[in-house]
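Report on the following structure.
A, B, C, D and E label the chains in the order they appear, each numbered from 1.
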């Protein structure tokens, strides 16, 4: 298979895949009502964050239970740029990547020394501590009430072009180019030397070092890249309406991880699948509970229960997630 | 001295109370195979670990190509032109064979993150792949390219590990027990491969198969309890009473007659 | 009484709780090689069981014992239902690298936490509950001044040290303890030594489940009981375990008390808003200065 | 008008309202009863023929007190449940995430269960949002003034939960002229549900600094833990004062009961505590509104826990007010008309509260008055000295005065009547 | 007597053992030789229960081992030294050895102490390092430890998978002779897998030659040494 792949077309292939993703979302959104369009925008946003886990945990083997906190960094970064310094939303998104990447640099310097449960716990503490900074320095970060930011109304040229569009649809259009770009970058990185280096470090640190890879630096770079992505996602997520601690709770980090695991930590397709699952599953369950007239007191807990169970089943039955299962089936067929 | 590639002198290491190495000096001339032998726990692996920066030395100097410097960090080894195989196999389990070797080849190209980010590094990839294929061909592993390490037989995985070390055309190759666990025919194949490699680079080798060591090495160093007890050609060294006492044992030891049929 | 003494005593009291939580974490780590993020979920669940029994007019102590037993059962269940299949051969082949083998159980334990919380929500979460303490929580007096520490706190400290001593003896002095550590570290070699790795690990989970359940029973009297009450405690307990050394039982207890003081002094001399940041900074500092923890031992890895 | 037919959520047979609240998760206890109570009242109204033949339907979304979810579920209420208006949403932190969007879409956002004055004092900013609680500031000003005058010679301290609610209340007390010095007379703590990191040390600090009057600004469950902890530490302030959100006697007694404190003891602990309320205490069995609401609660509440308490009462009361407003707008119901009606006539709406709504063109604050009471030995919040005096003020710097508002009686069928 | 008949062990797609039958007589050393990947390790692992046989049977005297758990097989007196320095690195050297005899602790405490003393005498370096983590040992030292762990259980059947791997010639000769002595003195039965056929055959009583999961020769060791055509065909020299 790898023999057939011409190396010159790495960029081309990822360009095509990203465009395909873009068109897929657009086409899908045409079938949807505004609410589901906003859910699609949500998926497009969270996908970027899940991809950051695919890189961090999937490719380089470092676990983070605090991606949500890094999203908060991106969110606050962009929201402050817009509300305090009057930057345009678009530029603030781009800058959010750099702000959170810088944050990732510091985090990475600490995290590169840690592994396994140590890293998991430290990032978990971070997930809790970072949002509380907003409350601590209330005058700057506006405390619990947070910073109100949004995508604004669709610009006139667009409505002239495609007709009246809902706020929800507009949010999808804002997010989608960034999602496609993120996918493009992640595909490129994972299919070339950088990604290979990361996976080498994940598989065997000593061998990797002896192959000339600077382990510490590589781990820091992974954190920088993953944080940049998560920060972008956080900025986009914040512009749904608010940047505040309660927008980036600890649960958010765990939800992202769940999406990545259900889909398959190693696979980009898995990340897409997992993100769809965690966003649409609660809606599906709500529909079912309504139809079956399950009382609210149970129904309210069913999404969490289902997603938790799904996570457990995934790790028991196939820790490589949906993507891994698919691969398994394909492999079987070949034999 | 000028022809010496690697020269270690007065290397001492201790772990807590254990003195693993005391004042060990070692010289690897260019284009030669140097054996490092000695009983278990003598400190052979520790010498390797010091050279490759996995263990910190207490004292001692390190000179490569006549230039004295600090003992390198593991990832700096490749920059000097030194590669090492591990006592185990140490392949990257989830990378295919070719990718494993491509990782080893990385140092041939300067990294360019931006190009990779934008998918413009096709040329580099192609170059890496070509080198990796060549290295695999050299060790006789061309057929393995698309396999996963878990699918390889033990000798084949050792082959791949060797290819990964050879792919950057190192000046010095450190081999830690490369023959361990191999069958006789694979050992023979390895011996002839090493003779080929020798034309391009020097080799420092730790091995307990003494016949193998005898066959391939120009000089051997014998370690015992962390001290160098003998240096010279194998046939000289093997008559050294200290070596016999510490390592080879008297007369009909099993290692000596491993090639009954030959 | 000065602020310092206040901070000291309430730090001691809180520290005992954190020590208990962190001890539980270290128990599973040593007995099963996993950091169990579901631990406080188990604690919460079994405390609900106790609370339910007390509401149905069981005596405190019978509810207490039943909660401990159900803690053991829940721990065993987690092992049998999840960790055992997770570490099965098929799965460990799928998880080819060491990093994944340590990552996946962490994720699995988070899954358990989610499921336990949801179940507790379905069964009991109509309202937040109080939970009684076994010993009258009255402040200790010196002369006529009340110290910021109660009889109940002393009871908890006693329980912590008793647990520490018992578990330490168990782990280092008994064959079963050795078998348990060995099972966590290398199941295959342990099985080849004739040890029933499966049962030993299940027992390990049961013991730690009991410890978690004990923690739940002793924490909730100071707060209230709801599905989420104990989340924070896990994070503090984990930090304590890391600071003290994830491999050392005594270290975990030490870490617990240190964290108790850190939090208490921040509270008294600074403000509660700063607690989480202080924990994070403290954790990072500790990891930088002594990555293996105060009493933890560095793992020797050879090539 | 033509737009009348086109507003979502209103049909010939139905009016759909939407509520967002934490039904699960750390912040849910207590609050998760409000929706059931409101629905019970609406069901009662529906059983009596609804509002001009239209049944009121309440769509409820659980946001677990996480703003990320609030945003999604608001969109769901708008686009899928097609609600006419948001009603009674709970939570400052969460509501702030959607308020801008709701207002931009001109959807009425009525009887919000948050005392955060920032939502209401600038109707230009949030024209469609109307409060459902007296603001924390108003309450704190009233309670603060009372305490300041009554206990002028005593050292007064405050224990507040470190979030927006606690800090808002603290600001209100400051406006009332009570001065709290950090660490001497004021202490913050993390609320009980999240593990009481620091509660003991904060209380010890107050104790050491000789604080005699302790004001608590925290939720009821945390209040209960605070009382218990203080008792354990041997701290007996000569007076407790508790802000209304945290002064639910039922919750207080249930929590302590489960901790093994007998009902008589917990009642004794609460006795003497000062608190404020805009409505009658749930325990005032003779109050006509309490009587009527309690009966409806018994008959119509389908929630898991319909125990009669402050939360249930609040849910009923805002449902009553909503019904009244919908009746007031008339048959031809539109969003714009509802908003206009509330702005123009809101202050004339009556409910169980002893103070009118403060709605006007310049402010959308709800109840502008509170009466001060003290818990008696039977856990009933009773007017001090037996006479209910209602004080009134605004969320700004206005003075606290005695109100002369007279609460209109409830109709025999417990349905609101409009002129 | 160890009697193996028609043993088949499969991995996903390969039959690592494809109908293996032979017998190993008590008190003798039987060596299993073959090229890399012939199935030698799989054979030992199947006997000790680490791998599940898909068919066939393994009998130790009249005891059927085929579907028993590893623990119960070990407890019935069968010890294995697995391939490649199998010790528990984080435990101390002493604990590793203790572990090997743990299941006998209750039944034979006194003998356990003697057995422990014996292995320490055998490998004095292990005694010196008994309180240190096994992970700090050198490759060869770890192999000594792995062997010691098996020996303290006083097995009746010892399965040795490449015991000389990574051992210096002197030590490996020493180990082979110890094993030999044990056989003669205590009636220990040994199944010895060695990469180096000649070394193994030199001490063994009997030889089994394995190729692609099948027994291709089952001869007394002396005859196998003599048969150079066999070696040429299956071992490549």
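Miscellaneous remarks
The criterion applied here is as follows: a contact is a pair of C-beta atoms (placed from the backbone, for glycine too) under 8 Å apart; a residue touches a chain by one contact, two chains touch by 3 or more.
For clarity, every value in this text was computed on a predicted model and none was experimentally measured.
Touch-path distance (fewest steps) from subunit A to subunit C is 1. Ranked by how far their CA centres sit from the centre of subunit E, the chains are topped by D. Put simply, the C-alpha centre of subunit C and that of subunit E have 42 angstrom between them. With centres taken as mean Cα positions, subunit E sits 51 Å from subunit A. Here the CA centre of subunit B is 46 Å from the CA centre of subunit C.
Computed from the mean C-alpha positions, the centre of subunit B lies at a distance of 76 Å from the centre of subunit D. Shared contact sites, meaning residues of subunit E that touch two or more other chains, fall at 136.
Under the contact definition stated at the top, the residues of subunit A that touch 2 or more other chains are 135, 202-204, 206, 297, 300-301, 304.
Multi-chain contact residues of subunit C (touching two or more other chains): 96-97, 121, 125-126, 231-232, 273, 302-303. Per the touch definition, subunit E reaches subunit B in the complex via residues 35-37, 83-84, 125, 129, 132, 136-141, 143-144, 162, 165-173, 176, 195-199, 202, 225, 228, 231, 235-237.
Residues 175, 178-179, 181-182, 185-186, 188-197, 297, 299-302 of subunit C are the ones touching subunit E in the complex. Contacts from subunit B toward subunit E in the complex involve residues 15-16, 18, 38-42, 44-46, 87-88, 153-155, 177, 180-186, 188, 208, 210, 246-249, 253-262.
Interface of subunit A with subunit B (complex): residues 1-3, 6-15, 184-185, 187-189, 192-194, 196-197, 199-200, 202-204, 206-215, 266.
Against subunit A, the residues of subunit B that register as touching in their complex are 52, 54, 73-79, 83-84, 86, 90-96, 98-100, 102-104, 106-107, 109, 111, 113, 116-126, 128-129, 145-146, 164, 168.
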